[in-house]
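The structure appears below as structure tokens.
Chain IDs A, B and C follow the sequence of writing; residue 1 opens each chain.
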Amino acid sequence: MAKPAATVAREADLADGKTPPKQFGPVFKAASGPAGWADERLGLASLGKHNLRKIFPDHWSFLLGEIALYSFIVLLLTGVFLTLWYQPSMDETTYDGTYQLLRGVTMSQAYSSTVHISFDIRGGLLLRQMHHWAAMLFVAAMICHSLRVFFTGAFRKPRELNWLLGVGLMGIGLIEGFAGYSLPDDLLSGTGLRFVDGLIRSIPLVGTYIEFFIFGGEYPGDLIIPRLYMAHILLIPAVILGLIAAHLALVVYHKHTQYPGPGRKESNVVGYPLFPVYMAKAGGFFFIVFGVITLMGALMQLNPVWTYGPYTPNQVTAGAQPDWYMGFVEGAIRIMPNWEWHIGGTTWSWNIFLPGVGLLTALFVIMGVYPFVERWVTGDKSEHHILDRPRNNPTRTAFGVAAMTCYGFFWMGGGNDIIATHFHVSLNNVTYFLRVAVFVGPVLAFLITKRICIGLQRASEERLLHGAESGIIIRHPSGGYEEKHTPITAEEAYTLTQHKEYVPITVGGDGTDHNGVSKRDLGKQKRRALATRFYFGDNLRKPTRAEIEEAAAHFDHDGANGHGHGELEDGHSNGHSNGHSNGHSNGHSNGHSNGQAAIGSDRDDLETADR
Amino acid sequence: MRFLSSRRRHPVAKPLLLVFALFVMGGLYAILAPSDVSSADTTKSQQVEAGRKLFAVGCSSCHGLNGQGSSQGPTLVGVGAAAVDFQVSTGRMPLAYPQQQAPQTKVSYNDDEIAALAAYVQTLGPGPEIPSASQYQPSGLTDEEVARGGELFRTNCSACHNAEGAGGALPNGKYAPSLVGVSDKHIYEAMLTGPQQMPVFSDQVVTPKDKQEIIAYLQTLHERPNNGGLALGGIGPVSEGLWTWIVGLGVLVAFAVWIAAKGAKAK
Amino acid sequence: MSGTDDGPDGNNLPEGRDPRGELTQSRSVGGLVTTDDPRFPVADPGMEEHLPRLTDVDEKAAKRAERQVTTMFGLVPVFAIAFVVIYFAVPKTMTIDFGFLHTSALHFGLGTTLGMAILLIGIGAVQWARQLMADQEMVDERHPAVSSQADREEILAELEQGVEESQITRRKTMGYALLGAIGVVAVPFVIFLADLGPIATKKVRARTIETTIWKAGVRLVNDVTFMPLKPEDIQIGQLVNGEPANLQDLEGVERQQAMAKSPIIVVRMDPNDIKIPASRRDWQVNGILAYSKICTHVGCPISLWEQQTHHLLCPCHQSTFDLGDSGVVVFGPAARSLPQLPITVDSEGYLVAREGFTVPVGPSYFERDSRHDYKQGEN
């Protein structure tokens, strides 16, 4: 920090006509000069007052979105450097640079300058690879982040709009990535563009017109690279920046969600203050993401365009795939049966339109409407700031896993040739399998996930009512064995019961529309009843107060039984107190005194808390 | 004759006779000299004979006793010595059992045996001969010519073998093998003969010089360093995507867990 | 109704109430405090006790952490300087070869030094936060997203006043005129887009995507080398990636556009092994057939030809065509057979096109008349 200009500070004091009310530490003193200068012009103090110590909860899964954000910043930084040398032109040139295997080859200036960046600009290849790895991570992190938000129900009121912003960011991110991927004009990316040309053409009625508009005439023309360049470095980044700003502003306004836990309520947020802890952690994480991307750029080669060669429309390479985030569309296109209508003089290419435009639209529409569908089902109009544990909403979780499964199979389709060669299976069989799997897989995944969730709910209930497994085996006089359970902490008990519970609704009556309920309304109610039954019908009910009290009393009873801390061995099945002493190793038999002391200590705290 | 007998004691008769004798000797030698060739012919025929025997033992069960082919294997009439040399010296033949595609395995015959087999099959019907080193070894090519080899490679080969020569998938479990580490001779022979599903690229259409350029391009490409770091399998975006998730996101999530983890407490 | 609809529950949250319900009637049993709220039976025990870290109680540990962080920050300039040195000192051609890593020394050096420099800043900062900054968790109260009733009323009143002052309620036509004006002024900007490209009318289509530079008498030449082809040069099982000879006359964009449509594959098969429909008997020369190289699916150039099965596979989406059966689709997403180019031999014995392609090549488009494509079994 620069030394404060004393005069300025004095000026400020004079201007305000008052002296500082309080003596502060050295930091404050050092900053008061320039800070005061700025505050007089910007009102920083009032601005920062509410936000400087804003609380953010701490959890690793809350950092997934940050990975995306920081990747984007790295993209901006490295992208700016790349524009210094890249030439967005499809004019033909003859390469005569350092890379000998292309010398004398005719290519576009775009490709030539990309190879130039890779071989003749020192560190150019590093920047290119950082940019590309960051792009791959950007989308990957966005997907992980959206999955976290989905499975924890963070999209619920009041965050539906932010969810939509996120969906928009992901969709635009895909387009941005694809545009960038096409810019080097190498054989792979050119093949990708050719595919997009076919995809656009397949749009019924207007496809050909759009194709001619986008490519400025017949494919490939000489305009598509300059146009993509403009979109990639100006138009789309501007939109992404705007959306990110809105996304973050809403996070600040709503305050971050938090996981259930002691002291966590719908009405508060528990965590660390922005300054200094969160600033250090988030700022540090930025450098970590940046550093990891740099190291990936240094050590892991990707998209070696010089080996692919320049794009010419009559060449192709085996293993022609887009970057991973377009893989699911590629897969859908690959496994789609060849449905095409030839009606009169027209051609309806469902084999391209459905898996291409249709699937992309379906994905983003489903993502976009989901929060509203769930809100309609629950009828819940309240705000939600405590996150769901995924098990506590089995249907939502199952739906999410089903969607991931579907996506995953489509994704595999995008690499069906690689799967065929690397696992020595038939390419055709992989395709046939996937055609079935994209439909059957999600259904199975749904059913299995739902069962797993309900099983986990049961496990939570088990912990709540019967305590934690202690690992201590008790032998009964009758010869039976039983595991000793220890009660869980009050904190955990609270955490396990903190979720909101929904029950299926039933439609009153048997269709006799009394109370002037019209048939239409009744139908609506019935639909909703069906939806709630589908959503919550199988859920495990939360234990009632009586059940919890009984269970707690059970442990308590043992504790008050005159055994002191010996209740650990006695278990809740009283009368077996001597069961443990015969034949058990001393580890167990002297557990009274010290063996279980550590485990018992929790219990100790609880009891003291009671009294 | 009187002329000869009357002059037989002539002083130049002896030298003349000597010259004549030398002449005859030279002539005789000239006539007898091909006896070397004819002895080579015998070794050739021995080689063919050896090849025939090896063929009868190792190949005829599928390709027929006279290489005419059977339901198990195609005819070898006219495939030429180059095809045999390629198939056998890359270990593709003999095939252990009928399958979609002969995989590259351990070579079963030594060089002499392979030469014998090739010689025998060449006698079944004329086909491409085994190319000589001067044919397949690229030498003295300029950078531009090698780069042109790249263009030829991307036009004719990369559709199946991938732009980096990493190989690729074909229908029904078949595949185009990787070209990494394949010898110049075998690449040349493969183009010349079109083994298995691979089409033929005959010398008339893809000239020997074109082939040399392709070979030179491939070998240079594979010897080059990977300027960007580890090659990650060299199969393009699929492996890159995999590494994004495993290494990129994996490492960053590990860092995230570390950042948010509650550290050790003092008590 | 679902659980939310009975009673005064979480729906009232916007007013900032604790959803756990009130703690009236709470009872403590066996270490748990329960409530009579049926939805949240266990009472909030409050925040966990804050436990100090080693660095909080042991100054030595704190010093150690400080040393770690300082060292990390201190290494950053070292790496940064190393970066600069490497940038200027290491030649571009130098390589390193270490195990799997066979790479450019300059790239490797620049990347690792820069990466470490950046990474260490991050790890140091996080370590500082984790070990030395206060780790007491704090609580912020939330406020519902909704504005207060007073605010709502105030803004409505202000809006009303503004509307009133603008006189828009009294002079409605003027207001509509403004809306219309703003709406219509967008039209010119949309019109700007009309020159993005030509409008794909029937005429434009006919001279672009529906035609190629193939016409009667154009020689088939080898791609890249432009060597003309003779039937006797092509063996059974041979594949030639071909182009029309007149491609050489084109340059720039036109050449690229031609190359996106006119490439062909020439293959020779044993005429006895393949099906040649009667109508296409004179489209081939002794089993030499020429097909468009552009896939009818989305337009990838295809040349993965299996000489034994006569199948041609597209490397992009695995559409498979049978070149021994007039290019019909046998597998994959493509719906139309591959257009065949009728060929013959010219007076000098070279392969030439008998005519241009009879159907448009390449991927489908809406206006494409697909009734003339070859269908399996046709004659």
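Odds and ends about this structure:
The working rule: a residue touches a chain if its C-beta (ideal position, glycine included) is under 8 Å from a C-beta of that chain, and two chains touch if they have at least 3 such contacts.
Being a predicted model, the structure only gives us computed values, none of them experimental.
Here the chain at the heart of the structure, going by C-alpha means, is C. Chain pair with the larger contact count among A-C and B-C is A-C, by C-beta pairs in contact.
If each chain is reduced to the centroid of its CA atoms, chain A and chain B end up 52 Å from each other.
Between chain A and chain C, the centres computed from C-alpha atoms are 19 Å apart.
Averaged C-alpha coordinates put the centre of chain B at 41 Å from the centre of chain C.
Looking at chain C, residues 101, 103-104, 107-108, 111, 126, 130, 223, 241, 301-304, 315, 318, 331 sit in touch with two or more other chains.
Residue numbers of chain B whose C-beta contacts span two or more other chains: 148, 151, 155, 159-160, 168-171, 176, 226-231, 255, 259.
Chain A has residues 58, 119, 125, 129, 281, 284-285, 288-289, 292, 297-299, 301, 312, 314-320, 416-417, 427-428 in contact with two or more other chains.
Of all residues in chain B, those touching chain C in their complex are 148, 151-152, 155-156, 159-160, 168-171, 174, 176, 194, 196-202, 204-207, 210, 225-231, 255, 258-259, 263-267. Here chain C touches chain A in the complex through residues 1-5, 9-14, 16-20, 27-36, 38-48, 87, 92, 101, 103-104, 106-108, 110-112, 114-126, 128-130, 133-135, 137-142, 144-146, 193, 196-200, 204-205, 208-209, 223, 241, 243, 252-253, 256-257, 259-260, 263, 293, 297-304, 315-319, 329, 331-336, 362-371, going by the rule given at the top. On the chain C side of its complex with chain B, the touching residues are 51-54, 56-58, 95-97, 100-104, 107-108, 111, 126, 130-131, 222-225, 227, 229-230, 232-241, 267, 301-309, 311, 313, 315, 318, 320, 331.
On the side of chain B, the complex with chain A involves touching residues 143-144, 146-148, 150-151, 154-155, 158-164, 166-173, 175-176, 217, 220-221, 224, 226-232, 235-245, 247-249, 251-253, 255-257, 259-261. By the touch rule above, chain A contacts chain B in their complex via residues 58-64, 66-67, 95, 100-105, 118-119, 125, 129, 133, 136-137, 140-141, 144, 187-188, 281, 284-285, 288-289, 292-293, 296-304, 306-309, 312, 314-325, 327, 414-418, 420-421, 424-429.
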